Amino acid sequence: MVNSYAIEHEHIKIHGRTSSERNPLTLFWTGSGIELNATGSELLLEVESDYEQYEQWISIWINGAEVSRLMLEKGRRWITLFRGMNAGKVKHVRVMKEVQAMSGDERSLLQLHALQGDGKLLPVPSKRYRLEFIGDSITSGEGAIGAREEEDWLPMFFSASHNYTKLTADLVDADYRVLSQSGWGVLTSWDNNPNHALPLYYEQVCGLLSGARNEALGANQPNDFASWQPDAVIINLGTNDNSAFYQPPWRDEHTGVQYKQRLLDNSSYHPEDIAAFEAAAVAFLHKLRACNKHAQLLWAYGMLGIPMLPAIHRAVEAYKAESGDEKVSVFQLPIMTEATVGARSHPGQLAHVKAAEELAGYLATLLLDR
Amino acid sequence: MVNSYAIEHEHIKIHGRTSSERNPLTLFWTGSGIELNATGSELLLEVESDYEQYEQWISIWINGAEVSRLMLEKGRRWITLFRGMNAGKVKHVRVMKEVQAMSGDERSLLQLHALQGDGKLLPVPSKRYRLEFIGDSITSGEGAIGAREEEDWLPMFFSASHNYTKLTADLVDADYRVLSQSGWGVLTSWDNNPNHALPLYYEQVCGLLSGARNEALGANQPNDFASWQPDAVIINLGTNDNSAFYQPPWRDEHTGVQYKQRLLDNSSYHPEDIAAFEAAAVAFLHKLRACNKHAQLLWAYGMLGIPMLPAIHRAVEAYKAESGDEKVSVFQLPIMTEATVGARSHPGQLAHVKAAEELAGYLATLLLDR
Amino acid sequence: MVNSYAIEHEHIKIHGRTSSERNPLTLFWTGSGIELNATGSELLLEVESDYEQYEQWISIWINGAEVSRLMLEKGRRWITLFRGMNAGKVKHVRVMKEVQAMSGDERSLLQLHALQGDGKLLPVPSKRYRLEFIGDSITSGEGAIGAREEEDWLPMFFSASHNYTKLTADLVDADYRVLSQSGWGVLTSWDNNPNHALPLYYEQVCGLLSGARNEALGANQPNDFASWQPDAVIINLGTNDNSAFYQPPWRDEHTGVQYKQRLLDNSSYHPEDIAAFEAAAVAFLHKLRACNKHAQLLWAYGMLGIPMLPAIHRAVEAYKAESGDEKVSVFQLPIMTEATVGARSHPGQLAHVKAAEELAGYLATLLLDR
Amino acid sequence: MVNSYAIEHEHIKIHGRTSSERNPLTLFWTGSGIELNATGSELLLEVESDYEQYEQWISIWINGAEVSRLMLEKGRRWITLFRGMNAGKVKHVRVMKEVQAMSGDERSLLQLHALQGDGKLLPVPSKRYRLEFIGDSITSGEGAIGAREEEDWLPMFFSASHNYTKLTADLVDADYRVLSQSGWGVLTSWDNNPNHALPLYYEQVCGLLSGARNEALGANQPNDFASWQPDAVIINLGTNDNSAFYQPPWRDEHTGVQYKQRLLDNSSYHPEDIAAFEAAAVAFLHKLRACNKHAQLLWAYGMLGIPMLPAIHRAVEAYKAESGDEKVSVFQLPIMTEATVGARSHPGQLAHVKAAEELAGYLATLLLDR
């Protein structure tokens, strides 16, 4: 006998920041998806996908092992998660969005409609902690999959599964959410665009997406922070803010205003501009604390070098002085090496494994100290 | 401008033993598939798949990195191999059948019809060597993917990509073919069935498949050995022949005859029955030599223990004495341990990596000695 | 024919900060010793050693491999470095002091008198860089050798060879010197003793040693900085300064004054006391720059946790602001884990290997940037 | 209060085949030595050493960690095993002869006279199994220490501690003995000398040593097999028997007889000569069984290649057929690779680690089956 299950089923655990709508469930951010325990011999998932430029990818995990990773075609269809299995046994299933929210493609869409199977759904136990990661391409897992020689910016070379966010969460036994966007920073993006700053959209469900459909899907709605409070927020930003110092100005076409993080003649950061970065970082920490009352705020930085580390420390110090907040710290992640580079000159799987091991070790003590 | 390419295109390299038919190309054995170099931004492959019980899985490799692995639905459809890539660059693409020939499912089918893309196909350089692997579940990569706790016998838990055959071939720079079947042996299968012996079907394209459709597709035709002569044939059989000694008899329903490899009271192999195994092994070596004129014949055995090693050595010795053939040897593979076990109590990826490293080291010297 | 060589021989390269006296050569600091290239079948070294409580250990390296490590008895004797070797070949030999300068034992002494052999000495090529490490027990390699269960504070459990200093120097191709003392810090030692601070003795040859003999040997003389200028000074201090906050006061028996780094009621550092640490760190950086004109100053910290990281960053920032010096930075070392702990709850060899890999990667870019 | 302990003390466990004399104890074979548990702050060992050409080396292990390895000078002296330790705690101590019995140096000698310390000796618990290893240079740990470039045949480059014998024994929790000699084989040595065959001396304490002193020390006495019966005898021989086929004849100067293992024109072994090897192997197995009633006999071979594997299998088969003995088997060890080579083109530490892991895995099942 085949049963249908709505995504809002009490035993389907939903990962990733999204709207309150469940019929269908929209998966905005990388690493979002569903998790469930099911009996039965077979289970299917109805997905819907769209794009203009950047297609969707998902991975499928059975009992903790990744068994499939696939590109989704446009449209709505049923995907088999498993079939032919021992019906009586409970299977743990996870379906994960492998690619980041695509701010560059208004039509980019991934939705889950329903499940169908011949078994029952059972409760998914809670993990010990909740983590939220905020980052750029590193946190989006750009280059964590694919050949080292790759240079194209493609969904195919993004992996939510094999980057440090999932690995760290697994190591400390945590559920987690990711908010990330390649090329973006705290104050500006890598090319000096001040609109491509994660803090601007932190309080919305997924405000960096544009277009009427995303609007209708609730991307711009205020996020319901009360419903999911993390134990730690890991901020892995600054890499693109550094790049901005070495890039040409960005010109706002509407206002004609140019934006540029400047270097001094001696190649060091212009004091005013690095101060602007620090001010943006301080402001972001205040915003994060306002939204996440009891979380450890951890700025974890360094996989692609550490030039912004002093500025990040100064910002954290300034925030602590202003707020009296002691639950904030800085952690340096291991720098990618020749041996650990992945696709697109980004951290490969080995780099992510190393980062996760170091970060998880530190997080574990931080979380125990609560 | 979109071009269509037939599978028989001169620059599409075909892997795996198959018939001479190319329109469509039938992929019978695990590890079979196509390999090509293409320009263009996009490439699609038209696949056709069918099954009653055991579905098909494929993996997709871009520039040497696995980017996708997916279950195929019944029917014929276009699959995107890549899209959005730099059109001018040459992309190396490989599509691989992940599951073994399914002797237990007459309807099991995987065919490739055509390719479509906006670029050109370029020649695929030859590898240094050609290898042929003959084996059982180990060689089919059963359990090389999936959680350790898995016990179901499912296509999902087979991997052509992550088993020692591909890893070994990559290490010695070889094209390769695999003939394998879970549970089968040299003389009988694990359950004493004398019809489930690889040697019986060695000279056919894929004679262990049954049914009218496979017949029509050429599975039972004589293989064209002249068209592809390996430098080495690696025989990884014996594990199931050992199991047969510990299993109940198998009864031929047509003849009523019972088959059983017997143990003596002291738990050692019955001399007549182990002799029958050895005779079968000797005969198989003669057959292999008849079909493969210049190949090194290498019996590589041991990943699940070595109880048959003495019998294998005796068989190889007997064959050498009978034939005068010196190009035959025995190599012991590393035994799977607690640390390297995969799904279904079979070798996991780590066990396959270890086996490949040892085997490739030995093969390299063997092939250089030619 | 046997030759004798004085230690001042032009082809004997001397490692480690010491006085100008060469007859004999006194080895004060861990990692100090000699390096040479010799022909001949045999080479002996005359060593002299003394102690009241803490005996000396050395290691012997032939062609880059450690072949011996031994405790030295009191007195003067000849030690065979190699014998029976092919006389015509050049052997690279290194003898290294394995234990730190022992501030707790006035009689602790290690001297090299002469070499004797049947070959010639040949020039030792220069390494690419020069590094100086300043640290505590971690930098002294305490616990880098010995069983995990060890708790005794003993010379036997110190290793100059297997700690991150030698490993890092080897990775970046550098000669190096180490100034280190277990339990010591920047402002005070782990037990609040303000006399046990490395900066107090930085300008002397080995001023932390006491007693008339050390005085006579030149330990308190000003160091000749002009003779050996490092490309980078790595400061690995702060771990014991943190401990002081959790220990009882230290009382100066002469003055009756008590010293104590205090915690607030909320368990955070008392602002005045952490400020005192920072002031000491700033002053130390000024002193280091005064002595080392062109070196990168790199504060590398974290193997036993990172509680002082914010204070270290603040101190480095303050120093940069005061001095305008840009050649100073902070680098976080990987935290020791359950898997990498060594003897006496200190970093084991694996922890040192990890630290060296990360540190060398960063140093390499820093040194190339010069 | 300082106590003296004779080596025959009930709580001093003696490793290695030796005579019944304990005052002093002569250590003939590599890996032999003493093991004890002691309280007290300090422990000294009186050793005596001599040589004409090949000096002695020992290693010292405290609580399972190697803390020292040193060359011994000629003569008798006290060596400090530990000092300054917590007197109340029990320290586990092991002193191990690092070099093989030196058949090429009549004066080569290592003896232990007595112990002296301020604590007590306590019982040493028994290990689970007893293993005996019989081999050549591989089993002597030749090249397991020292730089890869080394070519001299020297005691310095032998290691009992870091070769597969100790590693395997540790992994299966076994006491063990080693009988080994570089260059020796089953039938002849690498250079066709039939006197340099381990089986000739198996029944004596250490019959391959010559000279009046070794005679007086009991080297030629029959070994007391009843006093120490192993659970498994591992025979790692054949590598030099293979070399003999490629070396010039060896001429017995007394008889004028020449010995030579011959190759056929097609480069394969001459049937008569490989048969002679097999006969010698069969005879050795009979001798081993006569001396070791209940042991598993395991021929473990392959670290430097496997050309003799067929002959070894034939010999084992022949022995089983003649004797009816089922407790005998063949195990192939992993072949040394470019990545694992040590000094003198012999297996390095990594090769020994790999061999030990594979061998221990197999031995564990073999020993459990008893």
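Chains here go by letter, A, B, C and D, matching the order in which they are written, and residues are numbered from 1 within each.
Heads up, the rule we're going with is that contacts are C-beta pairs under 8 Å (C-beta built on N, C-alpha and C of every residue); 3 or more make two chains touch, one makes a residue touch a chain.
Since this is a predicted model, take the numbers as computed values, not measurements.
**Student:** When you check each chain against chain C and chain D, which touch both of them?
**Tutor:** Common neighbours, chain C/chain D: none found.
**Student:** Report the chain whose mean Cα position is at the greatest distance from that of chain A.
**Tutor:** That would be chain D.
**Student:** List the centre-to-centre spacing of chain A and chain D in whole Å, with centres computed as mean CA coordinates.
**Tutor:** Centre separation, chain A to chain D: 58 Å.
**Student:** From the C-alpha centre of chain A to that of chain B, how far is it in Å?
**Tutor:** For chain A versus chain B, the centre distance works out to 40 Å.
**Student:** Roughly how far is chain A from chain C, going centre to centre by Cα mean, in whole Å?
**Tutor:** Once rounded, the distance between the two centres reads 43 Å.
**Student:** Which residues of chain A are in contact with two or more other chains?
**Tutor:** none
**Student:** According to the definition already given, which pairs of chains are in contact?
**Tutor:** In this structure, the chains touch in these pairs: A-B, A-C, B-D, C-D.
**Student:** Please give the residue numbers of chain B that touch chain D in the complex, ascending.
**Tutor:** Interface residues on chain B, with respect to chain D: 266, 268, 302, 305-306, 309-310, 313-314, 316-317, 320, 326, 329-332, 334-335, 337, 357-358, 361-362, 365.
**Student:** What does chain D use to touch chain C in their complex?
**Tutor:** Contact set of chain D toward chain C: 53-55, 62-65, 67-71, 73, 80, 82-86, 145-147, 149-152, 154-157, 343.
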